[in-house]
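After this come two complexes, each holding chain A, first together with chain B and then together with chain C.
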Partner chain A sequence: MAISLDRKTAAIYAGAALLRLLVLVAFPDLSDFLGEQVEISTPISSFKRLQEGLFLYQHGLSPYDGGVYHQAPLLLVIFEILPSALVFVALDLSNAASLHMIAEGLHLPTPRFRKLDGSIIAAAYLFNPFTILSCLGKSTSIFTNTAIIQAVLNAQSGNAFRAMFSLAIGTYLSMYPGLLLPPTLLMILKNKSQSTAGPILIMSYLGALAALLSATLVLTDGFWDFISSCYGAQLTVTDLTPNVGLWWYFFIEIFDSFRDFFIGVFWLHLAGYVGGLTLRLQDQPLFVITSLLGLFAIFKPYPSIADVSLYLGFLPMYSHILPLTRYTFIAASVLLYSTLLGPAFYHLWIYAGSGNANFFYAITLVWSLGLTILVGDTLFAVLRDEWEIERPEMRGKSVRQI
Partner chain B sequence: MEKLSAEPPTVVSASTSKQPPPEKPEAVSLRTKIVLSFWAVILFLGLPTWWQTTSIYRADLPLQDMLNWADGFNTPTAIPLHIWISSPHISCSDAERIVRDTQQALDDLNEYPTLHQRLHLVNSRPSGQADKKEKGPLRTSCGEDTSSPSLGDPALKVHLEPANEGFAFELDPVIAEAVVRVPRNAATNTSQQLAEHLYGLFREEQIAAALQTVSLASHSQHAQAFLRSQPYDRVTKIEKQVNRAYKSSPEFHLTFSLFTASGAPSSWDVQDALKEHISPLVQALSSTSKFDVTTQIQLYSSYSPAIKPIIKDGLEGTFLQQKDLTAFVNAAEWPLAPSIGYGPTINFILYVPAKDEIPLRIDGVEGTSWLIPQWGGIQILNPPLSPDAIHGVVSLPPHLTKDLLRQPFEAFASQLLSVLGVPQADQFGKVLPLQLRLDVYKRFSTFTLYLKAASSLGSLARLAQRLSNIPIPKHVAELVDDAIGNLTAARHAFLESRWDSALTHSEIAYSDSEKAFFDKSMVGQVYFPDEHKVAVYLPLLGPIGVPLLVGLLRELKRFATRMRGLRK
Partner chain C sequence: MGLIRNSISRLRKDDPRLLRIPPYLSALCILGGIVWILLLPLNEYSRQTYISENALLPGQVHTYFGGSEQNVFRAYRQELATVLGPASTSSGNVTISKKEERDWENKRSVKIQELFRNAGLKTASQHYSYTSSGETYEGVNVYAVLHAPRGDGTEAIVLLAPLKNIDNDLNTNGVPLLISLARYFKRWSLWSKDIIFLVTPDSFAGPQAWIDAYHSTHDPRTVEDLSLKSGALQAAVCIDYPFEHRFETLHIAYDGINGALPNLDLFNTAVTIASGQMGIGTSIQFQHTYTDRDSQSSYPSRLQTLVRGMASQALGQATGPHSSFMTYHIDAITLTAIGQGWQDEMAFGRTIESICRSLNNLLEKLHQSFFFYLLMQSNRFVSIGTYLPSAMVIAAAYTIMAIYLWVLSGYRVKEKPIVAVKGKAEQSGREKEGDADEQTRPAFEYSPKVEFSPLDRRLVLPITLLAAIHLASLIPLYLLTSLTLKAIPSTFFLLASFTVVLPIILASALPEMPNNTTLPAVAAPTNEQYVLIKSLSLLLLGLFLTVLATLNFSLSMFLGIVCIPLAFVDRNPGGGRASILQYLLLLIFSPTGLAAGLAAYGFFSIGRNDVLVDWLQKLAFGWDVWWSWGVPVGVLCIWLPAWIVGATLVATSWFTVGSTQENPRAVKKLSTSRVR
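Up next is the complex of A and B:
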């Protein structure tokens, strides 16, 4: 599916590209500054750490030697060849274009749904301040985001194997996209034009993952260094640098003997939603993926605003449920409020010394609360929408859950 | 919780006039599936995780063995103290009779078997020489061969000399040997006197060993009985000595510090002083413990500000009150480093007061040095004031010479010995030969380390029994096995009176048992009782658990009613 290039679309893409390149070229300091903000770069997505790994890699050492780099070695190859500014801008634009195409091809079985204008969805992604900031801060989460968006796009348009490969890339880069396998499979299998059986798809996913992992053997000598440093860091949360998530403070405070157990609990909590949501919203796999992305942005070990930008990239496709939501104003204001106060409290704690860790942690709790309200509210709205299809006579009546 | 909203919204209209329509069967089965999907994660992933991450690894410890060691069941009841008697100039039969009678008398004096003296008549010449040169049957048959392994290390070598005058017992001033003059018209009296001398020589050591046994092992009736048979004041005196001394350890750090109240003196000839006074002692003690020596100079480091020295009319200088001496150390400001590495630090402080306080003395006492039990020694040095070369102002010397340091370091040397618990004199106040004193120290140290290692093992065993929720890592079990092995080896060495080997094994056993008892991974959970776990689990898992549990119960209830309906 091609994007129709009218003047509006061209202006959106050109404007977004220009804005990003202008800032990256004219204010390189701003990019460095943003790259050091804890809200934008986490231990597993920091561009600064990637440069450290790249330096070691280019000098023939294992990139994991310093204990600083926790990302996949494939990224090293990309940045060895290409200039970083271009890579980030291009990925952002390609993500927007993919979202554009997903939106254009989307048909939801509800009377409220109107045909979407893809360029609006792309604009909502490209001019979302979270997207812009994480692009300028060169958060490498964008690679994972691209992989997820590509998986969704290909699943929607029926390219089952490409979808599986994209998902495998996402899993290889940062593990958690593996949890999106059930809804993606569902999305592929619901597609009428698709005839490949589920087990074959799962096999192809696993095969692609194995191929990517074995490619590591070619790139670096220390395969186990890579596993322990890239996935071990996420599984055991060794680096407790503050971020917008809920893990770092909890694992600073928890008794040592319970640490392993609660890491297990947190991960299972993340995984627990997949089955329930996929079963409940069988008819709308895209919304399952969207909601899961929202949940991941709250509950994953090292979240950043790049994850939120991905969630907010998908969410506008469900703008038709907006009349059914109840707390969008609260969610929006809470997010806005914590976005502004978060950096201020971090500054108070780390630089001014007039606050303590609780200031920042409290604001990240508020941030997570805002996202939780948003996820829960949209979920409610979609379910209400479903129910209204079932019982058209109840439109507009207030409901309560029993 | 999004989960709640993820469950199917069974919804009623706000106008409650009509009942909600019944749920569709698909909706019901979907809900069952969703509840089951959450519970599948909990059961198939959550439970194994819980089991894997919170199970406590407890290596098998030989608990009963460890308790037996601590209770003293395995402590050798008789640790012989061998005394070699040679008598080159007395006829063999006479010598044998004297030895036999003396042993008899010793046994009568004292029944306590630990460090009990055993007399052996030995062949005074080395066996090789005896075989080659003197072939006489008389000499070779007289006494045991010194190289015989059953003899062990001698605590004392006694030479019997025939004499015309009366009985005399003369100790060598340095080495552990004694010359005993035996009157020719020997009567049983001689043996009695000899026995009393020998008994007196080792009596304090025996009392100290008994005291240690009582304090560290739980089965100590023999030792208690022995202590009761001894005069009370003597026992308390030795108890004080033992308490004053540092606990035995395989390693010590000695720190010599010069603290000056003002900016001078700022240097001292400490290397020479150490070489002259401390090194020989350290050398001699090195067979028992390892010693590290460090030195430091700290300027403008006055004593504790709580102390107010007094000024007496008619006497120059200032006086410290005796009650203040224990508080003299300025613990807040003096950088008396905590132990570096393994083993305790013994501090020796040379304090030079400010010019206006000189001479600083102790009220009512002649000397200016004192000992702080289990800590170290302090010495106040009042250096001679000399006029400044340029201004002619009287000031403190900038450098402490070797001569000025002689007296303080002699004091430090004797303080070191008493802080370590090396005995000074015998029961009559007569100074003992150095080798004998060091040997006594070595034996006492060995015995203490041995008892302490056993006692630590017992504490560990009791800890493991009492606290069923502490982990016991594999390496702790290995350390315990190692410690028991070394204790057994030390026990054999004790029985054979091989003190060097006993010391080596006791030291290893001691450090192993301490390492095992204080292992970091074990103590973490000592203070974490089971009821606290509820406080960790409940607030964190409760909010998630309640909706899940309610969902499961509802499903089960529905399932039960349906089964009942089917049966009808």
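Up next is the complex of A and C:
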């Protein structure tokens, strides 16, 4: 499926690329500044840390020496060859193009659904301030985002093995996309033109993952170093640098004897949504993935605004449920407020010295609350939509939970 | 519980009476916020200051600065007088060449260094030159470090005396006092923190250059590196004694750049030592200029002090050489000798000695006491918990209006087909009978006459318009900070005149927008979209004010107050006198109006016609050198865009022939008539 290149589409893509490149060229310091903001770059997605790893790698040392670099070695190879600014802009554009194609090919079984204009979806992704900021701040989460979007695109268009391979890349880069396996499989299997059996797909996913991991052996000799600092750091949350998530403060405060238990609880919580959502919303696997991305942006160990930008990239495809949502204004205001108050409170805490860590943590709670409202509200709207299909006579009537 | 919920949900459904509440609630919030501030000076809401950090022990030591030190002081003053050169004539009518000025500058720095060296201290100097608005500010900082006999050089205290104070008066006694203190301190063995003695040529650029270089955040092309450094700075005390006779009281300046404040403990220490130990009166915020000087604890003078403090915090400009230190989270104050009295320079020196001894005791950085406070007397304050709600409530007023307008924009009001004709006849009969009847009528008899049909909100145009206006507000900001002094007056006159007519231009252009097919989202706005524009603009305003309140409370408060008309003006389709009045009101409460007021005040009351240019230059200097962003960003990027949106909406009254029936404002009219 190709994108029809009319003037509007061309203008959107060219405008987005021009905006990014112009800012990168005109304000070279801005990129470094944004790259140091805790909302944009986390220990597992910071470009600065990647440069540190790259330096070690280019000098023949293990990139994981020094305990700063927590990302996959594949990224080192990419940035060894290519200029970073172009990579980030190109990935943003390709993500937008993929979302464009997903939206064009989307058909949902509900009377509210109207055929989507893919270029609007792409524009919503490209001109989302969160996307722009994380692109300018060179957050390497974008690679994981690309992998996820590619997986969804290929699952939708029936390329089962490519979807599995994309998901394996995502898992290899930052682990949590592995949780998207059930809804992606569901999406592939629901596709009528698809004949491959589920177990084979799972095997291909695992095979791809194993191949990627073994490729690491070629790149770096410290395989266990890689496992422990790339995945271990995410599993056991060793680096407690502040971020917009809920983990860092909790694990700073907790007594060491409870640490393992609560890490288990937090991960269980993160993984717990997958099964329930996949079963309940079987008919709409794309919405399962969208909601899960929203939940990951709240509950994963090192979330950043790049994760939110991915969620907000998928969400506009469900604009038809907007009339059924109830709290969009509240959610949007809460997100707006916390977006601006977050950096202000961080400044008060770190630079002005007149605030403390609780200021910033309170705002990350509000931020998570805003996202939770958004995820919950859209889930409600989709369920309500399903219900109205089942019982058309209840359309427009108010419901009350008993 | 269920009953309440039922009644609430019945109300929620379609009672237009609910929709009438928010504007009043919003007005109430604003009123509440202002009244709150006015209550603060009362005894019930403010507190007596106290020392939180026990290690400070202010005034617990004997001070020995005096006796023969006075002769040393006089000798230093004589020596310095020989190198002051033309700088001593502060009137500035002696024009000297750049080269000559530089010669004197060098002579001075060599002399001061020599004096420090003779006292047995290591010295160094630092050249700097800043450019702002096309003017160059350059000079040489001289400083000396006294290494602590009992310390390890990881912590230091700064004593600073500028050659010229913030009013550009020559600091005649202050600098010799600093040098004699240096000589005196050197003989003591009890210092556990390094003491840095710093002499800067002025009070605004010099301290900034030094503190930047001390933390290596300077631009090495314009500001020289420091060749001599010490440990982490704990506190700074600046000495300002701009005359030779004896003084009466000490004035303590404490506000820093961007409204940052030093820890209240430092301020308290200075007040306790000056008034308790030395018997010198203290004042803040130029209390000595009040007409009624003696009753500092009366309500009017407390309020005046409070408002002056807030104004100075809102401006975010330096109020003394100490202000630059606050950016780096170093607590600092300036002590200025004022008045004609019987306190001599030795008493001033002893005060500084005692403060240094207290700071010397510190085991950790000052952190116990408050960082956010408003002082209304040198021993009374209100803390953040007490005053912050006022600014937040004002910011909330805008958010309430935004939510209200958001709700309005989502529905179109229709008249319901009238079911009970009898009820209507009865009602019109009641209307004549007057209000007395209204009370007796049970509330639930009410059945809604209007019907709300939900609308899809079309957000693209409002969001685009607001984003464009906010982005455009960066242009005046850029102009302010990069233009030269010559170009500023004409440019800003043009800009100011342009902002007066811009809303009218926008308002006339909006309904003319083509209904083109390539961008269907950007067509002429409907009535609902106008409401949406206002809603989103107020939402942003409330949001910015809230964020600003956490960074610079006073600025947020003042902006919140001048923006009040924006929340309540509205479109009056059909034009008429109301919209002209509203536009005039907006013009008065606008950045342009403020500038015009300032210029008129300068012209009629001070007799100078360059007050406005002076202020613009000051703001530009603040931006370029101090990174003081408060007022430029607050006025140009928060107030101006919100004002342009508000004024545009008022101006659209003259360009649309809207049908009132479709306007959500009709809700008000309908519901008013219904309830009556």
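Here, the second predicted complex is superposed on the first by the 401 of 402 C-alpha atoms of A that agree within 3 Å, B and C clash if a C-alpha of one lies under 4 Å from a C-alpha of the other, contacts with A are read in each partner's own complex, and residues count from 1 in each chain.
As a working rule, a residue touches a chain if its C-beta (ideal position, glycine included) is under 8 Å from a C-beta of that chain, and two chains touch if they have at least 3 such contacts.
No experiment lies behind these values; they were computed from the predicted model shown.
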Overlay on chain A: chain C relative to chain B, clash or fit: fit
Partner chain(s) touched by A:L295 [first = chain B, second = chain C, both, neither]: first
Chain B versus chain C as contact partner of A:K397, first or second or both or neither: first
First, second, both or neither for A:L277, with chain B first and chain C second: first
Partner chain(s) touched by A:F261 [first = chain B, second = chain C, both, neither]: first
Touching partner for A:T372 - first (chain B), second (chain C), both, neither: first
Chain C versus chain B, contacts on chain A by residue: B
Contacts of A:F380 with chain B and chain C, given as first, second, both or neither: first
Touched partner set for A:H269, first chain B, second chain C, both or neither: first
First (chain B), second (chain C), both or neither touched by A:W224: neither
Once both complexes are placed on the shared chain, angle at chain A toward chain B and chain C, C-alpha, multiple of 10 degrees: 80
Closest approach of chain C to chain B (Cα atoms, Å): 6
Chain B and chain C contact sites that coincide on chain A, given as residue numbers: 400
Complex contacts: residues of chain A adjacent to chain C: 7-8, 322-323, 329, 333, 336-337, 340-341, 344-345, 347-348, 351-354, 400
Of chain B, residues touching chain A in the complex: 1-15, 21, 30, 33-34, 37-38, 40-42, 45-46, 49-50, 52-54, 524-525, 528, 536, 540-541, 544
Chain C residues touching chain A - in the complex, by the definition given at the top: 9, 260, 329, 371-372, 399, 403, 406, 454, 456, 518, 539, 543-544, 546-547, 550-551
Of all residues in chain A, those that touch chain B in their complex: 254-258, 260-265, 268-269, 271-273, 275-277, 279-280, 291, 295, 372, 375-376, 379-380, 383-384, 387, 391, 394, 397-402
